[in-house]
Amino acid sequence: MRKKVKAITIEKHCDGKVTVLSFARPEVRNALSWRMVTEFKAALNAIDKDNQCRAVVITGAGESFCAGLDLVDQGNRQSLSEAVGELGDGPRAGMRGQEYMAEMILLMRAIQQPIIAAVNGHAYGGGLGIALGCDIRMAAKSAKFCTQFIRLGVSGCDIGVSYTLPKLIGAARAHDMMMTARVIDVELAEQWGLVTYVVEDEQLEQQAIELAVSLCEFSPYGLISTKQGMWSNLDASSLAAAMQLENRNQILNGLGGDVEEAAAAFFEKRKANFDR
Amino acid sequence: MRKKVKAITIEKHCDGKVTVLSFARPEVRNALSWRMVTEFKAALNAIDKDNQCRAVVITGAGESFCAGLDLVDQGNRQSLSEAVGELGDGPRAGMRGQEYMAEMILLMRAIQQPIIAAVNGHAYGGGLGIALGCDIRMAAKSAKFCTQFIRLGVSGCDIGVSYTLPKLIGAARAHDMMMTARVIDVELAEQWGLVTYVVEDEQLEQQAIELAVSLCEFSPYGLISTKQGMWSNLDASSLAAAMQLENRNQILNGLGGDVEEAAAAFFEKRKANFDR
Amino acid sequence: MRKKVKAITIEKHCDGKVTVLSFARPEVRNALSWRMVTEFKAALNAIDKDNQCRAVVITGAGESFCAGLDLVDQGNRQSLSEAVGELGDGPRAGMRGQEYMAEMILLMRAIQQPIIAAVNGHAYGGGLGIALGCDIRMAAKSAKFCTQFIRLGVSGCDIGVSYTLPKLIGAARAHDMMMTARVIDVELAEQWGLVTYVVEDEQLEQQAIELAVSLCEFSPYGLISTKQGMWSNLDASSLAAAMQLENRNQILNGLGGDVEEAAAAFFEKRKANFDR
């Protein structure tokens, strides 16, 4: 029966423009079971195909965002094979499970909508990896952040964190977090740039939704091409190369009348309306 | 007649060692017209050829540094064709205008002198792009920073900002600024590292000039090779590759007697004099 | 006789798991002579071969961490030739000395153990370069940081700093430090992320050793592969490329029973013991 309980819940807001994806295993602090990873990836794929949806909020039911791997389920061979298929032993099997988990972050990056992390309580290990895979991070006062991985007998570099964390907040603090697995409370998280909004716990989901709604006031392709451009250009080989993408993005954005509407709204001192 | 009024003013200080370049359209918050872009690029090219000039300050006349694109002039086809030539329609025309604007930042990077941004009031959109293209940023209490682009129906990645901003202050805060176009006041700008000096408004230009003068006390090629090395090595593929450039820079710096003068000054407890 | 006094001292702690390497020329603020560089590199090579050692602390005897180059010894041709061999004149000779110094940082990066900088007093010039080459930085209240190089008639890009500093704390603050050689006190250093721990001077060495001991509680290969992965992935060309290394690291970590021990310890609510 357990399998029938969804590990992820989806809610629509603002006429379908905003999707709220909640981790729904509060009894285990939303720890990542193989099934939850599968549901999360399926949900992201569905959101990407939903052209009405313009922004996403990810949060955790109960008192945690996501406390990392579910250690009970992690070594359960049946759970794993339901996720990735039966692979027997050998290097291919272990790698496939590892990759299956890490691909969550690649998929978050790939969907067309920006994602706001609404972090309550623990964002540990894989949960931290997911928070860092979001485009913007808002935290409740209860939020706490920890790489955690190295405590589990493995490397502190996991689930994309060795790429995302130093780029997001600088390598000095990132390396300390990865190597010591120290816990960062919300005050330090804001000081270090891990989060750029801090709110009361009881207002977290509402504030995150309001931020998502505010993104929907921008032109749809402006928003999409911002997400794509900002991540793509983190890997640009030079300023000139980054501009090659920026410049073409802007021309594409000018093709559908959005620039004219924005300019008209500016001169008429009204809000632009891109929902034409 | 309008065209005859210069959109940029240039002043020399400290026996020509320091050039102050001011945006001179305070009536429109120094918004970027096509003509202003042309004048700015011409001024930078002239400064680069001026071997007496060792440091540059860029600031804005009136109450703003630069509030971004001049939306009135932006769509004026005659203004554009005076800047980039007549191009007809099609993808080439739009791209050429877009590139013409973005090239400001490449040129700021390319000139031999370091540039100090002295930011008063708005540094929005293209104005933010220019501030980020400077080597050091000083702000007045009135300074406020905003990517702005996404409000205009286009991507938040523009004028090099998707390259410069995450490298300068980390991608977490940069992505928030690019995606939400939130306004960052001077206190937050200092906390986030957008600026590394904050002064009173009435002291801004003088303090920026004094900082520029202090750079002129270093050896001329030491200063030039610092600017070139620090930007070039942002794109270095590894620590070892970065050192290949660093090491050769230092040998070049040792060829003209500057190292001996610096050492002599150190032991004689006097200021080094590289103006021999 | 001078040569017989060691410029570096080595102490073992915690049954040989922690090595404390101290710069031992307090009479010159631990300035880098050619001989000291040679001893430092020899010590790092020896530590790398010591499989009992799992973590390293680097600190400075007396009132400074390391004040940079020893300007007296720097131009001493005999000192240089004892370090790099006799090379005559020409570009090869100068480059070899320059490279010999810079290689310290490559070697710090290459050894298998993480290195904690315990910074007291001056970390200037090459001393800053060494602090930035460490994996984690703890500072005493007396610590102060300065790139210094540009004051010596050369470029502010030296000893790897043009690579390490912008990656560690962001290019905005790094470029200011490199171009102006301003002195950063410990309060600003913590605010900027240059250091992630600040303690009283008299507790510095002990606190750094305790942090090193805490790293020894992690699995040995987990710690090694964290150091290797976090630096290697600073140069990763994309998130997906970074994950290729992360994923394989984790599988390697799973081969020796450490993951099972960590999971067992978690469920038994005890500390994991990887010293089997």
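By letter and in written order, the chains are A, B and C; residue numbering begins at 1 in each of them.
Here, contacts are C-beta pairs under 8 Å (C-beta built on N, C-alpha and C of every residue); 3 or more make two chains touch, one makes a residue touch a chain.
Keep in mind it's a predicted model, so treat the numbers as computed, not measured.
Please compute the angle of the rotation superposing chain A on chain B (C-alpha atoms), rounded to a multiple of 5 degrees.
That pair's rotation angle lands at 120 degrees.
What's the call on chain A versus chain C, same or different interface residues, using the half cut on shared numbers?
different
Whole-Å distance, chain A centre to chain C centre, using C-alpha means?
Whole-Å distance between the two chain centres: 33.
Counting only residues that touch at least 2 other chains, which ones in chain A make the list?
Touching at least two other chains: 169-170, 191.
Mind pulling up the chain B residues that touch chain C in the complex?
Against chain C, chain B makes touches at 114, 135-137, 167-170, 191, 193-196, 211, 214-215, 218-219, 222-223, 225-227, 229-230, 233-234, 236-240, 242-243, 245-251, 253-254, 258-263, 266-267, 272, 274.
Please name which positions on chain B make contact with chain A in the complex.
71, 74-75, 91, 94-95, 98-99, 102, 105-106, 109, 150-164, 166, 169-176, 178-180, 191-192, 235
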